[in-house]
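Two complexes come next, and they have one chain in common, subunit A, joined by subunit B in the first and subunit C in the second.
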Partner chain A sequence: MIAQPWLLSLPVIFPLILGVFTLLIPAQALKAAGKTGAVATAITTLPPLQWVWQAGPLHQTLGGWGAPLGIDLYLDGLSCLFLLFAALTGVCISFYATEYFPQSPEGHRSRTDLFWPLWFVTWGGINSLFLTLDLFNIYVTLELISIAGTGLILIAGTRGAIRAALQYQMQALIAGLIYLLGVGLIYNALGTLDLQLIAARLEPSPLIITGLGLMVTGLLIKAALFPVHFWLPPAHADAPAPVSAVLSGLVVTVAYVIVFRLWFAGFHTIAPPAVPRLMGILGAVGIVWGGLLALRQERLKRILAYSTVSQVGYLFLVFSLTLDRPAAQGLVWAGTVYMAIAHGLAKSAAFLAAGCLQKTEGSDTLTALRGAALRQPAAVIVLALASINLIGLPPSTGFIGKWMLLKASFYTRQWGIAFVILGGGLLAAAYLFRVFEVLMNPPAETPGPAVRPAPRLPLGRGILLPAMLLALATLIPVLYITAPEELLRIGAPLNFSRFITPGGGQ
Partner chain B sequence: MLYADFIFDLILSIALVVLGMITLQQKTPREAVVQLMIFGLLVALSWIRIDAPDLALTEAAIGSGVTGALLLAALRRLGLQQTFPPPAPAAIRLPVTLGCAALGLLLSLILIQSWDEPAGLTDIVYAHIPQSGSANPVTAVILNFRSFDTLLEIGVLLVAALSVYTLSGPAAGTPVRPPGPIFILYLRWMTPIFWLVTLYMVWIGGRAPGGAFQAGALLSGLGALTLLGPSPWPMRLRRRVVRWGLTLGFGMFLLAAAWLWRYGNLLTYPQDHAKTWILIIEVACTLSIGISLTVMFAGCAGWLHEDPEAVT
Partner chain C sequence: MSLPPGALLYALAGVWISVIGLRGVLAEEEWFRRIVSANVMGSGVFLLLVALARRAPDGPPDPVPHGMILTGLVVAVSATALMLALLGFLHDQQDGEDDT
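Up next, the complex of A and B:
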């Protein structure tokens, strides 16, 4: 296919159209539509990707106006990587969801059928956030995602889910307003909402620094950095499994990617050095805090949710690590992007596997799951593959990312961070091995798997295939390690010449 | 004259702060909601004072009217005699209050210190109005220059209405009193007038303050009144029909976006027909906004059922 700049809006518009489509078609056609729609959405990301690979960053002016009057989309290597990541995760979650949610009876639409429109709209919003350059557009899209996310949590229909959804909505509202306040100040000071123009006009005035501070604060809440992570565990643990995968794997990552992009588009040049230092420290504390709380949880999905709090912490080390030695920047960026993608894929896979265990065993408490490995070996294998990433063992993507970050922390002599990176891996091993200890060992009084009849709920065949695919995908970058790094170098981020090639991660 | 303006603004500002504090001090949610609606009207007034009539209209219609109606409907479902739960302990309230006060102080100081004429995009917007298909700069921005934002906003409304659907359960709360004769008469007379003003709002949005959001809010007012009236016919619509109505705006907007791709770019209107395109999208969005807000009202009041036959 001949790649044209306007193809860039296809990964945004197409899933939105699917959202409307899946709301209007009969419930019986939803599964087929969900599967084909997801594959087609993933395919729409390929032509722009091919363009970037061959010809460099891609730029599109929506409505033909161009910044500062209109809204611009921009695709560089960084957004390419995350678009691909969203495509892979999205397809797997969609295929899983077709088996996870029960088929509605003839002529009836049940609450779970609303998963499809809400999910496709969320997907469109996620793709849009990877592409947009407009600060206000980011706000609108974040609202879209968080309201859709609230609806997605509510699909579970339980009391806990309703409480979690309300809490989720409140944090989204507050975080969104704080961000918007910052955007207002920036617009007042610089007279534009376009990130590229803003990056060129930035100067360290109190108005601009306050604006940036508010924007970043709002986004930190959305990305669940310690200590503003409190909304995350209930929301991610009480949602239906495919929704947990969307929220933990994709939505948190998107919020983080915006912080990353804003920061390195120019914020880092004017921010007082205490700010990145603080973000790094909060990240480090979050790694430990999330890990410790994960150790204390009694439900598998809660453990995974607190693990997200811990893993998000790694992503914020980048701000501290790039502070003193700009030469390490490339290495840290690559490591951070690897960590983000590894966590997104692995956590989605883990939540999907946990959903299977929860359905077949009737509950996701550790006591109910005792010995589940004998009854549900496939789900436990997926969980194990995902855990390799979360702990950061070779040969996973998570290992590569962690290795790069560790190297950079030695290079910049930030020994504390190096210590936390290593300790965080041990903590992850501790809370995950605790799960596997329970899963692998049947209760003492019931010697064999045959004794306890598992309350088997009917789960579609092949429900675990997409989860398995996600977990295996985290092992792939080892095979062609340089391709993602080359992609990352294209226009990264926002064509800044300061980008220095990674010092070789491997 | 200037002096009078200053006095008026001063009184308005003080009234806003005082009313905000009064709203927070109310003992029951119902009183707080009523205060909030008055607060919304005062905010609308202050938008007028800074020459933003479009915002004032929206604030009055949505910030005060629709929000108030939604909150009151939800309260009715919960039982009107509700009181607020006991306030959080001082150990939480004090730092929050201090934090908010510090942020407010910081923002005021920074804004006062570094205030000069905001850079803004006003000049660029006015320069492009002739090509935009709308003489009203606000409509030009919303439906042409930044139509992508508006597309997503319409999506937000759809998604919000769907989220209300996910919460719909069996009906709860006290049954509505049968409408009195005056209300029935009022509804009979006002229905055509509501429609007329709604259509006028959409149409005038091309030249003067108005447009889809204000018109849609007005339409939802009619929707809520109809639901309370003697013949709540929207309740008897099949859910499929409502779904089409909900998606009309977002769907039309997306279709327009896809169709306009022929001109080589997303959401680029052909210049001679920009006005027609904007009007079509606005009419569709008005209907959908009206229906979305009516669905939310019905949902808040507990009138949405799971049963596919007897639903809004």
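Up next, the complex of A and C:
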């Protein structure tokens, strides 16, 4: 069926090699290597995508060792969508970063040069997590991403960033240990780490349910669900802008996608109904809580970070919404995936724009940014396009996702959730319009055209192009909405039955 | 769960130790104590995994959990080293600020 299944491992291996490569080459060559490497990494994801589109879910055993002992890579419509999403976001962030970080002086490596190795390792980890079905492989990769993420935050070099990195690494270690404990219990009960085999062997025993609970808890911390989101705002706000975009746009999404996959691989059939309900309620509270705190922040990047806490909440409504009416599942799944991708793209774009404003205006406090729309119109336009998504206005992808979730909540008669979905949009509008009110209005007490005539740190031309592309990408899918939905159906989101029957699960 | 009684004892001890460690991470104020607590929690988790590896009273233990523990140890050691280095940075900076 597929000529070269080994190509499936390229999206993982290639960025990891680039990570080592960018550590070794001279600093002068870094920007060119970063750009070409990013484009090449994105291209490695395309051939497997084509196969899945034509022939259905793809499967590859690494090194000739299949499950249960070895590690399998698995690619279905869901992983395809997220691989594409990571590729687009990754390329845009890479191009932005080449302009954002200053060029090191001749023969000298500065701290910002470490962005490239750390970022490519993170990218490889992200791709690997979209492709793996091995519970322990997930643990290792998550820890890899966390340690690389800590390093990425540290590039900022400020005292606040060091504190944020410490907090970030601590949550990652604890979340990882909790997850690992769950993996140990599941392995003891079922004798395998392969998600397909586990899905086939699941039974509602206390040991399995405890293991599942621990694994999901660990992942919830990494996905920053309320009330375990406390580590996110400092980490995402104090990191340099491209890193904020990586962490808020990609890393949080990855942790969430794993919860999603584990859950609908079969855990939803054995979990007590109180668990998905609780996750839905925490999601709803997170939407409101994150929104309210975003309203109270005085720094643009902090506002965006709390907005992530709020937007992550939407993604957890799926567990509650699919509980009573399995018929609504397809709708809720599609809506949730749209929300996740819309948020990832829009939040990356917003952070990149915020980074430009922070550099040119000298600070990202709302007082410093007053009237910035007159001086930096392009950055503010990108921020506005991203906001259309975050608020969920038509014709954005965020709107489509929200609309689907809203429909599902009516369909399942969960009025409380419907109320929160609508209210959350209003809250997002409130905290973002507050930003635009400041950006659009020059200070009243100092009239005159030239309050701050020249940007303090001139940035290269075209730095905003990638951010603009990301923001625009969220507005496109409305034109051909059926393609992603069809893609999502390949492998019938996480329903492995079709896959297991022909070859035999064992 | 079919654990031999001895292994069950270790497993329960592992759970208890990891709970103590987790409590320390959440309750302690000082970062150094929190880092140590995280390591205590790690030891508890690894002890539990060791105990779970012994599935039958005789017979060899299952090697897969051992592999998991080894990897987990590497992760825990690297994360601890990283956090201690960061703490050291913060500490040095603090001293510098005090001097000036």
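FYI, the second predicted complex is superposed on the first by the 485 of 506 C-alpha atoms of A that agree within 3 Å, B and C clash if a C-alpha of one lies under 4 Å from a C-alpha of the other, contacts with A are read in each partner's own complex, and residues count from 1 in each chain.
In this text, a contact is a pair of C-beta atoms (placed from the backbone, for glycine too) under 8 Å apart; a residue touches a chain by one contact, two chains touch by 3 or more.
All values reported here derive from a predicted model rather than from experimental measurement.
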First (subunit B), second (subunit C), both or neither touched by A:163: second
Contacts of A:140 with subunit B and subunit C, given as first, second, both or neither: both
Which of subunit B and subunit C A:127 touches, first, second, both or neither: neither
Contacts of A:41 with subunit B and subunit C, given as first, second, both or neither: neither
Contacts of A:98 with subunit B and subunit C, given as first, second, both or neither: neither
Contacts of A:183 with subunit B and subunit C, given as first, second, both or neither: second
First (subunit B), second (subunit C), both or neither touched by A:320: neither
Touched partner set for A:173, first subunit B, second subunit C, both or neither: second
Which superposed partner A:150 touches (first subunit B, second subunit C, both, neither): both
Subunit A residues contacted in one complex by subunit B, in the other by subunit C: 136, 140, 143, 147, 150, 154, 162, 181, 185, 187-189, 207
Residues of subunit A that touch subunit B when the two form their complex: 6, 9, 13, 16-17, 19-20, 23-24, 60-65, 68-71, 107-111, 114, 117-118, 121, 124-125, 128, 134, 136-137, 140-141, 143-144, 147-148, 150-151, 154-155, 157, 162, 181, 185, 187-192, 205-207, 210
Touch list for subunit A against partner subunit C, complex: 136, 139-140, 143, 146-147, 150, 154, 159, 162-163, 165-166, 169-170, 172-174, 176-177, 180-181, 183-185, 187-189, 193, 207
Subunit A contact footprint on subunit B (complex, rising order): 106-107, 110-111, 113-114, 118-121, 124-125, 128, 144-149, 151-153, 155-156, 158-160, 162-163, 165-167, 239, 243-244, 246-247, 250-251, 254, 257-258, 261, 263-269, 306, 308
Subunit A contact footprint on subunit C (complex, rising order): 1, 18, 22, 25, 31, 34-35, 38, 41-42, 45, 48-49, 52, 55, 64-65, 68, 71-72, 75-76, 78-80, 82-83, 86-87, 89-90, 93
